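In what follows, structures are represented as structure tokens.
Heads up, the next two complexes both have subunit A, just with different partners, subunit B and then subunit C.
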Partner chain A sequence: MNLTGKSAQQTLLYGAFCVAILLVPLFLDDAFLLNKYSRYLVFAMLAVALSLSWGYAGILNLGQATTFGLGSYCMAMALKLGTVPVHTGSDGLPDFMVWNNVTELPWFWAPFHSMAFALMAGILVPAAFAALLGWFMFRGRITGVYAAIITLAAMVVVNLVIIDQQRFTGGFNGITDLAQFEVAGLAFDAYSSSTYYLVAFCLSAVLLLSLAITRSKTGMILQAIRDQEDRVRFFGYDVALYKIFVFAVSAGIAGLAGMLYTIVMEFASPTFLGVPLSLSVVIWVAVGGRQSLLGAAIGALIVTGVQGALSESETFLESWMLIMGGLFVLVVLFLPKGIAGAFEMLAALFLRRSAAKVPSVSQPAGEAITHGEGAS
Partner chain B sequence: MNSESNSQLALCDVSVSFGGFVAVSGLDLAVDRGELRCLIGPNGAGKTTALDLICGKTRVSGGEIRFEGRPIHELKEYEIARAGIGRKFQVPSVFRELTVRENLQIGRSHHTGVFANLVRFGGSTDDNEVERLAELVGLSDALEMAAAHLSHGQTQWLEIALILAQDPALILMDEPTAGMTGQETHKTAELFNRLRGQHTLIVVEHDMGFVRDIAETISVMHQGKLLAEGTLDEVSSDQRVREAYLGSGGIGHA
Partner chain C sequence: MELVVSQLLTGLSIASILMLVALGLAVIYGVTGVINLAHGEFVMLGAYCAWFLQTEFGLGLIASLVPIFIVLALFGWIIEALVIRHLYNRPLDTILATWGIGVMAQQAVRLMAGGELRYVEMPAALSSSVNIFGATESAYRLFILGLALSLFALTWYIYRHTAFGLKLRAITQNRDIASSFGINSGRVYRATFAYGAGIAGLAGALVSPLKSVSPEMGTTYVVDAFMVVVLGGTQSLFGTVASSGILGELSGFLAFHSNDTIAKALVLLAIVILIRFRPQGLFAARVRT
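On to the complex of A and B.
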């Protein structure tokens, strides 16, 4: 029953994290900071997405930002149409379309008049994109570095298409001047606790859902695939299907993160599908510990937090990238399992030490008590 | 051939070559349901390759493999496994980062669907079966241990237990006792004798003592072909078998 004890502790730890992030606005009344922290939480969600595919199934996705960007554009399209007819031309078109001489709303924009559609699309479009890409890669047994390169290449392609199709996507400028996100009569101002709560709540839900997936038999099979893919097939599991599944789930989560990012940042831009962001996610997850969902989330919070602090401080204005790079190298060299791995090691050490103390229970009562008093 | 139509597994004129090198050529092999067949032969005879062909790891370049009357040589690995064929590899291959318990749960692959397994969290019937198997191979105390920390013999047993968890009609065992101590080998022979009849077994083995303990029919392979078939006494007195083993110091030392 050691196992249930361990998984109960894990659940408790995840729960504590969720409660902690949900409590932050009670102690913080600074709209600017809340907005910044919302952004960090979105990054944490992106890290959880990568931890699922990389940490649990061994699929290194260097293009995680692709699906993040697709989600953010879905939200931006809906919010842009929400501004019509304020920022609009004669025919109720978004402003940038008018500037680009588009005369009529493109067919794929039309359904985004419905926020419900946009919310679904923001998750399903990235998931479908990943499933399709995964279908080609995993049916063809492309693994490891080659799969990583393909994800990177796919991102560059999507990015170029978005920049190129300026008439429909806003091109380099992205989609700006958005309406406020509103759902069921609630408005989410990016600089308010409501948006922070929205992000924190979604992150909590994603964390717990992902935890459930990793604990299911499917999650276990994914870890077996990470460990030794070729062996898993001979038990009758369709390895490609399992990988496509986790790849798509990871993409759906990244899409949700992208939608939230648009709400927090109040725009969508091709940089959201950029190589720098995508590689940053890999760093966050490596630092936090890729085989721990919570570790990955905390890794994202720490790295982006430190990065934010360093880049804002005057002394480190020039050198913060160097410092971050150095920190990353140190972590990878000395903590191969990241912060989560180090934490587990400490916990195991602590447990062993407290287990070693158990025999003192069998000592005479008086002695045990004085022992206890001495310790405190 | 008449015998093949009744057999559970039949290889007919199976060949494979690797970049010009013919590893298996014109191999015919028929195994009946419930039989325990030993497959022996000198190093490089093509025994492992023959098992690879049956379980779909390697594709045949010619010939046909039928299992329970249906051709399987064009099925995918997981389809062959689902049809009821399990494989133990020559180099023991288990999931080293997972615990023994988790390994066994993966072995229990009666449900193979992604979504079916998404709502499974190790039910009690699974747990009972896992514990029964762990006891069978003497790993009860190691259930929560990562497989990476097992000894070589224990790893072999874990892989055998994985196959039993899978519960296939036909089990392919590639050198199950390699690296085991004499006592461990003896226990393995006992285990195989108990499996006799419940599963069809094809056992590739170099340890002739072990073969003697378990063998009914023995098939001898040499240079990718079936050289002889019969009881231990029959094949070991066969002149061609003696010649085949000449280079490797006799049948007992191969």
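On to the complex of A and C.
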């Protein structure tokens, strides 16, 4: 198969997806639905973030929600400071701080008066957090399952700390009663097409940026690291540095998704850094296809869409996690490359049938790669 | 003096629970290389079994330990046969599959037993407290410590001194060669998985009188247990004991000076920093891989 042809096809597919999600509001005039779909798109972005680190660099981040939550808290802090305080005077202390007898705005809250700072922090704080964690893990050559466990442990601990430090974070209730997000004179009402466009635009940008990264030389090296880490090291590449890079980029994307989620949901809560959400992200990506950014995004849309549709019925609401867990196990067992992988397989089958006389060359190569993965 | 002893005892008590939970995990990971994220749910199921046996049949905790071990071992056996067996050459995917199983177990329990907290009564004979060097400690906690140590001793004995243990060690060193000598590695793996699950069930039953029983209780245990395994290194059973001891005492000490959450955060921080310099864990045996 012609590589340039294939990559052009891929670009076209990604472009079509971006156009499609940007066109949705033209056909839909229901504020409630638009809000729901914006939420799904945010989840799709989170899935892209995980696909980038897991599918392309082999770093299974079981704590992707950590960075998502950090981003969402950054945005919530800024939006909280943008409200007109009800219970305090002119000094503008957030209400939950007053309830917890905090008399002065903590130093790390102060810069969030500036929205520009908050926007930067929402991406850079998660990225820095991931880079630091990544530095310890990847410089120590922690790989595979160990890295996965550590990301999970880190998330549980960050979650506990946020709940514990109620005076500064709102604890269990999170940060609620937020102002509307406003930038450059534009107000984004969570229940309007403007917010949907904001989210859809960000998702498109993230998808295309991620695609560009995977196509770059860095992206190639990352995939090589995923398949055979030692060989890449023998070639003289600084494996840890590449991993830290992709881990931080993925965290930055998750942080952006978190910020958007706060805008869409109008609050931030410790559940955003919870195990259930993190598990969901992994499931979306696994179902969609971990080695395809678009597949991961579509996986998130399908799973959350089905979940949203089913949760309207009482019986399904209760058994949803049961179904989800079962579906997940089945996908892992029988469809390790997810929906995207199934499509590729079907496409290959179709192509082979239509050109039955041309012997397929790509098949043995594909087998060799799977074999290499299994051995590592 | 009194304070020091009571601090030490608190730490030991935390350590014994950690060890109980981590032991099954370490056995499974050390032998099969499977990271069992459903381990916390095995613990939770054990606790629910204890609650169920107590409320439905009036069975005391001590009497229900053996049935619980058998039930959970069976459960582990089935899980291995249905799912894990197919994933031995895809280690990262075992995490995912076991996570999915854990979620299903959690939700199934929530549907059947309800989401509210459950309480299990402590055995009456052990509800007193004991005086050690002026510090008081509940007899039950000492009982857990004793049981944890004996379970460890039993595991170690099986591992070092039985024919089954010999097969285990052979497979751990080289599965292919062991198989070619006629060891049925599939059966050994399944038995190991069942044993690990059974121990997890015991751990759950034993902690149930100390903490409230809820469908979500597994998550915290599995994270703590993994920290023990990461710190101790995976190849040595003694590493598991030593690192439970260290983590238990450290958590107890830090929690005394701040609170449980901060203690947990600091312990994690310490572990993350440590793995930068000793990725193989503190007590890794020198083995060729």
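In this text, the second predicted complex is superposed on the first by the 340 of 376 C-alpha atoms of A that agree within 3 Å, B and C clash if a C-alpha of one lies under 4 Å from a C-alpha of the other, contacts with A are read in each partner's own complex, and residues count from 1 in each chain.
FYI, a residue touches a chain if its C-beta (ideal position, glycine included) is under 8 Å from a C-beta of that chain, and two chains touch if they have at least 3 such contacts.
Please read these numbers as outputs of a predicted model, since none were measured by experiment.
> If we overlay the two complexes on their shared chain A, which of subunit B and subunit C does A:223 touch? Say first, second, both or neither.
first
> Should A:215 be classified as contacting the first partner (subunit B), the second (subunit C), both, or neither?
After superposition on chain A, A:215 lies in contact with subunit B alone.
> After superposition on the shared chain, which partner residues are touched by A:186: those of subunit B (first), subunit C (second), both, or neither?
neither
> Kindly classify A:234 by the partners it touches after superposition: subunit B alone (first), subunit C alone (second), both, or neither?
first
> Which chain makes contact with more of the residues of subunit A, subunit B or else subunit C?
When the residues of subunit A touched by each partner are counted, C comes out ahead.
> Show me the subunit A residues, by the header's touch rule, that subunit B contacts in one structure and subunit C contacts in the other.
none
> Across the complex, what residues on subunit A touch subunit C?
Per the touch definition, subunit A meets subunit C at residues 58, 60, 62, 133, 135-137, 139-142, 144-146, 148-150, 152-154, 156-157, 160-161, 163-164, 275, 279, 282-283, 286, 318-319, 321-322, 324-326, 328-329, 332-333, 336, 373-375.
> Please output the residues of subunit B touching subunit A within their complex, sorted ascending.
Touch list, subunit B to subunit A: 55, 57, 76-78, 81-82, 86-87, 89, 93-98, 101-103, 105-107, 109, 111-112, 114-115, 117-122, 144, 162, 166.
> Going by the contact rule at the top, pick out the subunit C residues touching subunit A in the complex.
35, 83, 86-87, 89-93, 95-97, 99-104, 106-108, 111, 219-220, 223, 226-227, 230, 259, 261-262, 264-265, 268, 271-273, 275-279
> Within their complex, state which residues of subunit A touch subunit B.
Touch list, subunit A to subunit B: 2-3, 213, 215-218, 220-221, 223-224, 226-228, 230-239, 241-242, 245.
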